[in-house]
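Read from first to last, the chains carry the letters A, B, C and D; within each, the first residue is number 1.
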Amino acid sequence: MENKDYKKFLKRVNQFEVFKNADIVNFMNSSRETGFNLKRLALACEIYKEMIVDRECVKFFGLAGALVPAGMQAILRDFVLEGYIDVLVSTGANLTHDLAETLGYHHLQGERNLKDLNDVDLHAEELNRIYDVFLPNNVYEGIEDFVRDLKIPEDNMSVSAFLHFLGEQLPDNSKSLLKACAEKKVPIFCPAFTDSGLALQLGFHHQKLNLNHFKDMLKMVDLAWDAKKAGVCFVGGGVPKNFIMQSLQFCPTSASYAIQITMDRPEPGGLSGATLSEAISWGKVNEEAKYSTVITDATIALPLILWYLKSVFS
Amino acid sequence: MENKDYKKFLKRVNQFEVFKNADIVNFMNSSRETGFNLKRLALACEIYKEMIVDRECVKFFGLAGALVPAGMQAILRDFVLEGYIDVLVSTGANLTHDLAETLGYHHLQGERNLKDLNDVDLHAEELNRIYDVFLPNNVYEGIEDFVRDLKIPEDNMSVSAFLHFLGEQLPDNSKSLLKACAEKKVPIFCPAFTDSGLALQLGFHHQKLNLNHFKDMLKMVDLAWDAKKAGVCFVGGGVPKNFIMQSLQFCPTSASYAIQITMDRPEPGGLSGATLSEAISWGKVNEEAKYSTVITDATIALPLILWYLKSVFS
Amino acid sequence: MENKDYKKFLKRVNQFEVFKNADIVNFMNSSRETGFNLKRLALACEIYKEMIVDRECVKFFGLAGALVPAGMQAILRDFVLEGYIDVLVSTGANLTHDLAETLGYHHLQGERNLKDLNDVDLHAEELNRIYDVFLPNNVYEGIEDFVRDLKIPEDNMSVSAFLHFLGEQLPDNSKSLLKACAEKKVPIFCPAFTDSGLALQLGFHHQKLNLNHFKDMLKMVDLAWDAKKAGVCFVGGGVPKNFIMQSLQFCPTSASYAIQITMDRPEPGGLSGATLSEAISWGKVNEEAKYSTVITDATIALPLILWYLKSVFS
Amino acid sequence: MENKDYKKFLKRVNQFEVFKNADIVNFMNSSRETGFNLKRLALACEIYKEMIVDRECVKFFGLAGALVPAGMQAILRDFVLEGYIDVLVSTGANLTHDLAETLGYHHLQGERNLKDLNDVDLHAEELNRIYDVFLPNNVYEGIEDFVRDLKIPEDNMSVSAFLHFLGEQLPDNSKSLLKACAEKKVPIFCPAFTDSGLALQLGFHHQKLNLNHFKDMLKMVDLAWDAKKAGVCFVGGGVPKNFIMQSLQFCPTSASYAIQITMDRPEPGGLSGATLSEAISWGKVNEEAKYSTVITDATIALPLILWYLKSVFS
């Protein structure tokens, strides 16, 4: 390769300034030509914007972990209400915690005095710890009461159909992700649904229930197959990432836009930390795709991306 | 706290030596009173040994990721054959890759010349990359042929019952984890089964299949409820960890022994990186439990633990 | 502990919303009562603000890595020019790269075509890679020319005195961190100075030079000893963190405010990943201190903190 | 690339078995053709062996962190005594802790009862915490007494000359790394020496001391320049890695063998997490080099590598 060649795609790093009256769009645009994870976050903003502008693109959103406990409920709801998500794949945990907040229960946080609390004491206090957030145990009683009284229309419906039904039962004007998806008819897939507190209560109180997971799997493949173009945004990895990826793998249309926000690392070989470049080898992301793997906590990245998108599209 | 008190539980760090004729039991025993992750690995060996010695203890083993691609198939099989696992919870990925190897397909590895290969080229070569391991695409055809011809006894059987049936179909004298579990009657739970290449082929060729995931969930709760004592070993986190943990959470018997091997970190709040101490607040691990969170790659830890256990119990 | 007690310090997680016309101060204030790393970043903003408001507080800033290559030069300069740093401890790398940019050389970045570039090719092109940033090799010639012609006033001056002298030689109106520190009389300590490209050139061309590192060490202890109150901000860990910490360890005044931004983890036992809580055991941070360990890439956190501070103090 | 080409360098993953009467050489040889970090650890063993066999190769060993607190003192000493290290570059921390143990002080460890100890209590107990190891504060008094009485031969000697002198003062038959290096005439470089508890005591009690760091820097460049072949082993990153790398960068002989053991990650752009492949772009590692970046805790990797090497060369 000759000197003149690499200059085609390399430019000066932007030693940018931040002004007090900056706005988030300028901030991200300035960050776009820097380095390390700031650049990748700015690139993720740009790619998400392009996914939205591209009307042929179906936007798949994979949501791992439990982000509602960390205050992300309204952020996630707004991704749905603003039309930034077409298909949601979630863990059961996010749905369980969304339900808890929507039913009027709350996660707790605060500065702890080092001498006051430890996990043994927390257990005695019936406070379940999620890193620096605490879930009072009584939330499960509230979920149990709600779930027991549900009139589930069909024992063999798919998980996504059940979750749509569930969202419809929830109060308006809430911050609920389940409700927002029901309203906007955004399907929620949850392949590991029985791995959740919500499903446990369902199983205990609706013994004939056999939600059809295979129906979801095939519906998801259809959605991927039918998409003229596909875009993916992965918040964490886990089952949501893999479920979207396996649906795209054998489709004519692999992802043309791809964003991943994760704190996992690639070297131990797990999918959660695997790079988006690796996905090209599988045909999950196509080789002409724009993609950005951002190594940062989703609680930082997601609100910033939402702020950027709301500002760009306002 | 007075000076004399902390001395009850603090001892000198062992500045140990390694001799050329060392054996793995001596090595781990010497490492037991050091620090950082070596100590925790040695403690994990000790705890696993005690779990096995304790005849009342039911040993739950959560297997995330896809470790078979990295050469762990026979290691995992031996954990089952030696009686070190009573209940296995796995991702679909491990089962899919186990099936591939058992059907005669192989994962590839090798030193790559930096100038030779990248993900675009790999895609053209139909080599799917898993960090530094490669899966030739034709393996899916082999799985498809095998799955299409299966005579599945019941469309609504549980996933674990199906996986037992599947294991029985596999050849003897293989390194198969599925086969070993079938032989030793170790139940395999796979809550996110539809998130796997194996399930995709099942769904495509057995359209009436509706494996009952709720039956698995309730069976798992029964196993946890019936255990006089419980021990857990988590290889990675993900759904396998959570599924075991949610079953123990509301049982009279939370885990008395707990091992976790992970490279994920706790601060982003996901369960995969959550410490075992945190699990005490939830009542998933009991406050008198012996536990060890080892931050290392499972490909390093698992074979060493197996070597230690085989040596101790030989 | 009774129920009423923990309520004193636990509050509801704030399920906050982000509006398109948000500003950074509102954004961080809303994030203050959430969880995981967003909360910790918001807390870091609050603590930095309080450090600045507290006129008795000497603000020590430890700067690891090489952040100038990633576009952080003007961000760092503004921390100095705005008066947010009283004492800077840096790696030699940051100073070398700052000098390179100030002398008119540039780091490069860009989207690479996967098939175009790898490390062997980059070496042939004389492009030194720093993750996704590239430093053309000719920058070293520019530094060499500049360094060779320096009239160093004294062979045995301290490193910090030399760096002040160096900053004075640099052009006005630049984005230089060295220049800004010279102008604002912010001392720069660089305990591992000889571990840098800048020092190599100095050593080659000024053979009698013996910058007195012990003088720096003792001056730093004096600064820590004389501080009525101390605040620390660590960007990464390494020598800069330890050098500040060892100076505070035996002083009457350990840190009352402490911020750490790092991607390293605590379990391998290195100081770079060690928590600020651990520093309390050493007496480096005092037990009444406000502190926040933020696990995120500094390229994301630093510009956001600067934006917050400029907005608060405008 | 055609099918036949990639087969030249790709082979089947070895689904290896571990037998109770395994030895470490067989274990590592079996692991050599697997994947993820086990493979890389096995490759590191092989590379280290080849470095030793290659009589032209000068073996540079970079030692970050503080590994002596975690029980690695005799392990490190044996690397020196066995002739596996020709040039050592270390942090000041490792030397300070080595001195403490050699003077008869000890690091402590133990299972802590969660309700017993926290960092505030540890401070009250004068126990400095290093993750899960504890250093009693009185060790500093012992170091102070020892350092005060030293008869330092020359105020302007290089750091490495001073460290050789220091090693000579230490008792025989100890586990001391400093002593072993003095005996075997292995030079120890410590570019950030003034960033250590040892240097602080030196500075307090020997006010005229001005150890010549530039002399070390130039001596290190000479060693790199004179090496017919170079091999590097980095335990962690930090200053030791960079100091070795900057010396090799401009030499005719960049490293032909390279091993890195680290838990840091590459994406934030710091040298500690940078891959060895990246070093090829800089000309620090040559493009024909055999290299292995192992992502694991050094406390696990180092003793295993030593065990392997002692067995191979016995």
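By definition in this document, contacts are C-beta pairs under 8 Å (C-beta built on N, C-alpha and C of every residue); 3 or more make two chains touch, one makes a residue touch a chain.
All values derive from a computational prediction rather than experimental measurement.
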Which pair, A-C or A-D, has more C-beta contacts? A-C
Chain whose average C-alpha position is farthest from chain D's own: A
Inter-chain centre distance, chain A versus chain C - centres from mean C-alpha coordinates, in Å: 32
CA centroids of chain A and chain D: separation to the nearest Å works out as 41
Shared-contact residues (touching 2 or more other chains) in chain A: 35-37, 69-70, 114, 119-121, 127, 130-133, 263, 265, 267-269, 277, 280, 287, 295, 297, 299
Going by the contact rule at the top, pick out the chain A residues touching chain D in the complex. 35-37, 114-115, 118-121, 265, 267-269, 295
Touching residues of chain B toward chain D in the complex: what are they? 1, 3, 5-6, 9-22, 24, 27, 31, 33-41, 68-75, 78, 101, 106-114, 116-117, 121, 124-125, 127, 130-134, 175, 263, 277, 280, 287, 295-297, 299-300, 303, 306-307, 310-311, 314
Note which residues of chain C are touching chain D in the complex, please. 64-67, 69-70, 93, 119-120, 122-123, 127-133, 156, 191-197, 199-200, 202-204, 209-218, 221, 236, 238-239, 242-243, 246, 263-274, 277-283, 287, 297-299
